[in-house]
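The following pair of complexes shares a single chain, subunit A, combined with subunit B in the former and subunit C in the latter.
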Partner chain A sequence: MVLRLRDRADLWTLLMPPTVWATHFLYCYVVAAVQCAKAGISLTAPEGGQAFAALGMVRPLVAAGTAVALLLIVIGARQAWRHTGGGFHDLPHDAATPEDRQRFLGYATLLLSALSFVSVIFIALPAFLIRDCR
Partner chain B sequence: MVARLFWVMLVAGAVIWLAMMLLALHASRRRQAPWSDRSAARLILWGGAVTPTLILAALLVFGLGLMPTLRAPGDGLRIEVQGEQFWWRIRYTLPDGRSLTTANEVRLPRGQRSEFLLTAQDVIHSFWIPALGGKMDMIPGATNRLVLEPERTGQFRGVCAEFCGSSHALMAFSVEVMEPADFDAWVAAELAPAATPRGEGAALFMARGCGACHTVRGTAAAGRIGPELTHLAGRHSLGAGILPNDAATIDRFIREVNVIKPGARMPGFAMLPAAETAAIAAWLGSLR
Partner chain C sequence: MSDELRAQQEERLGRVWASPPGWRYWSAVNNTEVGRWYTATAFAFFLFAGVLALLVRAQLAVPENDLVPAGRYNQLFTLHGTAMMFLFAVPIFEAVAILLLPTMLAARDLPFPRLSAFGYWCFLIGGVFVCGSIFFNAAPDGGWFMYPPLTTNPKLTGIGADIWLLGLSFIEVASIAAAVELIVGVLKCRPPGMRINTMPLYCWYVLIVGGMILFAFPPLIAGDILFELQRLADWPFFDPARGGDPLLWQHLFWIFGHPEVYIVFLPSIALLAMMVPSFARRPIIGYSWIVLAAIGTGFLSFGLWVHHMFTTGLPAISLGFFSAASEAVAIPTGVQLFVFLATMLAGRMVMSVPMLFAAGSLAIFVCGGLTGVMVAIAPFDWQAHDSYFVVAHLHYTLGGGMLFPLFAGAYYYVPLVLGRPLSDRWGKRAFWLMFAGFNIAFLPMHFTGLRGMPRRVFTYPAGIGWDWLNLVSTCGAFLFAAGVLIFTIDLFIGVRRRAAAPANLWKSGTLEWVGPLPAPDYGIRSVPAVSSRYPLWDQPELPREVAEGRWYLPDAQEGKRETLVTSVLDAEPEQCLRVPGNSFLPMLCAVLIGASFIGTAFHYYWSSLAIGVAGILAIMVWLWRGTAVIPDADDKDIGRGLRLPLYVSGPRSVGWWAMFITMFGDMTAFASLVFGFFYFWTIHEVFPPRLADGSPMGPGLLWPAVAAVTLAASWGAMLWARERNAADSPLGLRLGLLAGMALGLASGGAMLWAPWQAGLDPVSHAYPATVWVLLGWAALHLLLGVLMQAYCLARSLASKLTRAYDIDIHNVVLYGHFATLTGAVTLAVTALFPLLS
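Take a look at the complex of A and B:
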């Protein structure tokens, strides 16, 4: 599937980094939502003056999820680097040959990996800068 | 705090814009000497990817770092506001546990963080005091929390910011920010029962059934459907922030509420003799 290492680039390898990004996004929201919903403050009738629920396990879980996501993206990027031919070939990889198709897909995957890497970090940041569930 | 966020973002935006303009100028002047592939790739990598990412990350960290202080909890005063078509039911719970019900007017002590618990009785409304902070939806069956910290005294206007029916535009309220000592004095006065519980107007108020919907503490009127009127004359406005508060306007409001506020649940009482509504209005106008 998407995550299996492949010798040749295809649409699945291209999709891997953004898929990891999207999954990590969903994971962070679900982890925070579950923690804050279970922490004991009623969302429909909060008591006035009540303190907001603590983040509890949100930070370690988001940190672990982020580490896994970044690792997967690095693996995807490394594989994409291999598909481009290790940077030995000049851009723009637009010849009508199977080799250039490989390099083009690899190069696009590499750029997507960089974007996904930064995005995953940006998505994880709030968990470490907010104080509680407010 | 918000001002700091605004200025930092504005200055950062201006610096980025200026840098871009200088780069564009530089690029247009350099047309004669072509870039080598290597330096072009390096420019794209650093100028197009790495630098924007770092700048965005720094601004993001700065903005997110302000969030905990911007949304700190309140200091103790709690104000429950329930939106209804087309007025506001308001209940204060003081830090010492006493509570106070009023309508269509919010008073706040200056320099304290007051906490609002916002909900709605019928449809979605939205609570907004533009001079003090952002708006917050009031949703039937849910309670939203909003904390405001007014920094200067004065009178402000609040409005319903979510279309809620035919008189949506006539659903407003007055806001007064007072010095804490003045606020305490106002609370003490407001906690007292009605100033003049007896008289012709009071008797007519009961006889004509007004007390079935309205409360006037200190009298037998204890209805909970409409706004509470114990200290009506002490409010800055009438009819949820839309009319001046005097006896003549109260009289007109009683007789023509269906004209003044289309869709309101209170019927107009034009069928009552003019002398009777005038007496009721005079009495309500005396309840400071």
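Take a look at the complex of A and C:
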């Protein structure tokens, strides 16, 4: 639905970048929650001198998911750039014409891509700043 | 066009859209009437909740006060929070949108006026039920977020918890109804030419907030179902001794609760986005940036819910994700404020009371935002959690983000609604009292909180540094209340003495100001084509042309209420939609459904069931008489030589969109129940629990398999029925529907029989309880589908559903897709998942 490259911008293409963000967020949350809840090491009875359950596969999984999410957002942004007509020369896209509607949607999608890109990195950071399931 | 013809047209329009006189006035469904009732009722609940807050502040004014006993105090703060959030903050959005959105879209009404009326009556009944409980000492008293195990224990919390759960579930249904109405309104009821890039920013906000409601409210409804099942039937979802977990409630509540903050914030900010350009006398700078900010905030707000749960012992890495999202949401929120500031700086600002409130709101909101960034950092939150610091923070965000913009909106839009302006002089006094009072009340609470005062304590000892801070807060609260009182008196009394407002008194550029004030019942005289974001600035002839009836739909020759439906992106005219007129049916349905909820709260199960069935029958009558009405002609000339169809079905019809959007919300509720299942899986080492022979507990495979096969067959029968109807074979349609009904019933029966024959006892453990809930949910959806197919069958027999007039079958098949998906996922989760463990 949102991944197919389209010549015509619409509300689905507009929602693609934040949808990728939401999916990535949910993915990170589930990966960490399952790992820390199911690690097999009780938080109150550490094994092998380890005080807390290890993050295990969380880091590589989050890294892979983040790479995929960022790639998708870049693809969305590239498509949005095409929809803007390849530039910002005729802002604010307020004419009641099909061209301006297309450019407006492209431009708004581009802005959302930037926000989603930054936010995806924000969300991924804790996986690399926190050592274990404490 | 002669003056005589014009007068006749106006007379006909006026007659068609008039509200009935006398007691039948309450059967009105016109958005102007329903919007006014809705706004007034929500405002009344605001005043009520405000009085509760004053009682709370009076009790806390001095240490060891005995004005209010502890139990009553618990009811006061619980009901204050509950009423402010559920009965004021969210409904006032719906109310204002129902009132204003059609004017901004130059629409005669929203597409489902009776649904708006139904939502209003649900809201009124549910709200009075919840608030009235305090007069019987039966109000909820477990805090507005109702944490178990306190609130699941009937010995510790009385009937109040049931009143909260059932009363508010009922209101949430109304919220979802309003969301459906508003989303379809924005997408399909714009005037010709108002493309997606030129619609007023308020519409963008309404669209996004409507979408957020669809994803935020259903998890709470799902949570309410689990909660009520625990309270009424002892199914142990939140009881750790039997495999449940109180934290599940916190998750479900805050998946709703945090987005809700933005659900109330965005529409209020949207009012600022309408008035800032008016007073800056220039178009908004960064229209696209506002769209970015609104969509970005809408999405990010769903990644914040755990920041209400930082102290529950979740792994730090989980907290990290939510902390990061909580920081990130400051970006789009800040963008909106900078856009407003930039527009104000670039324009020639005209100072006025609305702008005074707008400026005050920005100042207060920025303070709330800054403390928000502080409490978003988990270690700081561990210190501040459950203290008055949080109380201060949340009031600053809601006061600055929602309340002050709303008052700004009131001063701005009252002339549009009532035809007369509020007082400038008293407005300034009200503002300064409210602004000063607000800060005097809530600023000291940051310090009371940092000095360790926990929220929700009914009193405190003297001499530990909280005394004078609390006294100051109480003084501020009463000062604030004085400001609200001035506003209220001006709104209900003062405004009547004022002269009528001139048309477009603020010299705004958007369509709501196009006509004379007060607007007639039918709203706009004729529906114009627009070609600009600010048509009143850029198309100077427009008001005259509209008033002279030179545009579309200038008449109502057939005596029917009509409005325009246009395409989603480019607002190309698609249909002349006939909307239903005044009726008591929505009120009757709300009364019946409300009575069944209220009866359930008091454990009158059988009578509640009977009344609920009567309610469903009443809804059927409403649908039968008021929807998919076959018009007397295929199309109609709406003026300027444009002919539009009167009957449209499938994805081009508003009803199809409403069903699609409703089912989106329904799927969110279902996803929340599935989340509950997997949540239990993560917290248990062995899930599902093992039977004595070591095999996993579960509904078995045979009956779920039967359910799956009949489910697929039922779906196929429905598709076949639609296909036969398209081939003009009524017999095929009816046979298909009959087969679909029989198979649907068989599938639902098999879904319920499966756990029954496997001996799963829902009281024994959270696992069987969850399986029962999931299968019950799916079976209920199939039953609803059977009812809908029976309705289609009856419509076909009555020749109201034919090849040419096929709205019903399209919408029912759409429902069928979602119900089938619900059933398939349920069966996979309940029957196949145990095999994996």
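Structure notes:
The rule is simple: the second predicted complex is superposed on the first by the 122 of 134 C-alpha atoms of A that agree within 3 Å, B and C clash if a C-alpha of one lies under 4 Å from a C-alpha of the other, contacts with A are read in each partner's own complex, and residues count from 1 in each chain.
Just so we're on the same page, a contact is a pair of C-beta atoms (placed from the backbone, for glycine too) under 8 Å apart; a residue touches a chain by one contact, two chains touch by 3 or more.
These numbers come from a predicted model, not from an experiment.
Within the superposed three-chain model, A:R134 lies in touch with subunit B and with subunit C [touch as defined at top].
Of the two partner chains placed around the shared chain by superposition, neither subunit B nor subunit C is touched by A:R6. When both complexes are overlaid on chain A, the residue A:I123 reaches subunit C alone and has no touch with subunit B. Of the two partner chains placed around the shared chain by superposition, subunit C is the only one that A:V58 touches, whereas subunit B remains out of contact. By the document's definition of touching, of the two partners only subunit C reaches A:L105; subunit B does not. Of the two partner chains, neither subunit B nor subunit C is touched by A:R78.
Partner contacting the larger number of subunit A residues, of subunit B and subunit C: C.
Counting contacts by the rule stated earlier, residues 118, 122, 125-126, 129-130, 134 of subunit A appear in both its interface with subunit B and its interface with subunit C. Of all residues in subunit B, only 37, 49, 53, 56-57, 60-61, 64-65, 67-68, 71, 73-74, 76, 78, 80, 93, 115, 117, 141-143, 145 touch subunit A in the complex they form.
For subunit A in complex with subunit C, the touching residues are 10-11, 14-15, 18-19, 21-22, 25, 28-29, 32-34, 36-38, 55, 58, 91-96, 98, 100-101, 103-105, 107-108, 111-112, 115-116, 118-119, 122-123, 125-127, 129-130, 133-134. Here subunit A touches subunit B in the complex through residues 43-46, 48-49, 51-52, 90, 114, 118, 121-122, 125-126, 129-131, 134, going by the rule given at the top. Only residues 193-198, 283, 286-289, 291-292, 295-296, 298-300, 302-303, 315-321, 323-325, 327-328, 331-332, 530-533, 568-570, 682-683 of subunit C touch subunit A when the two sit together in their complex.
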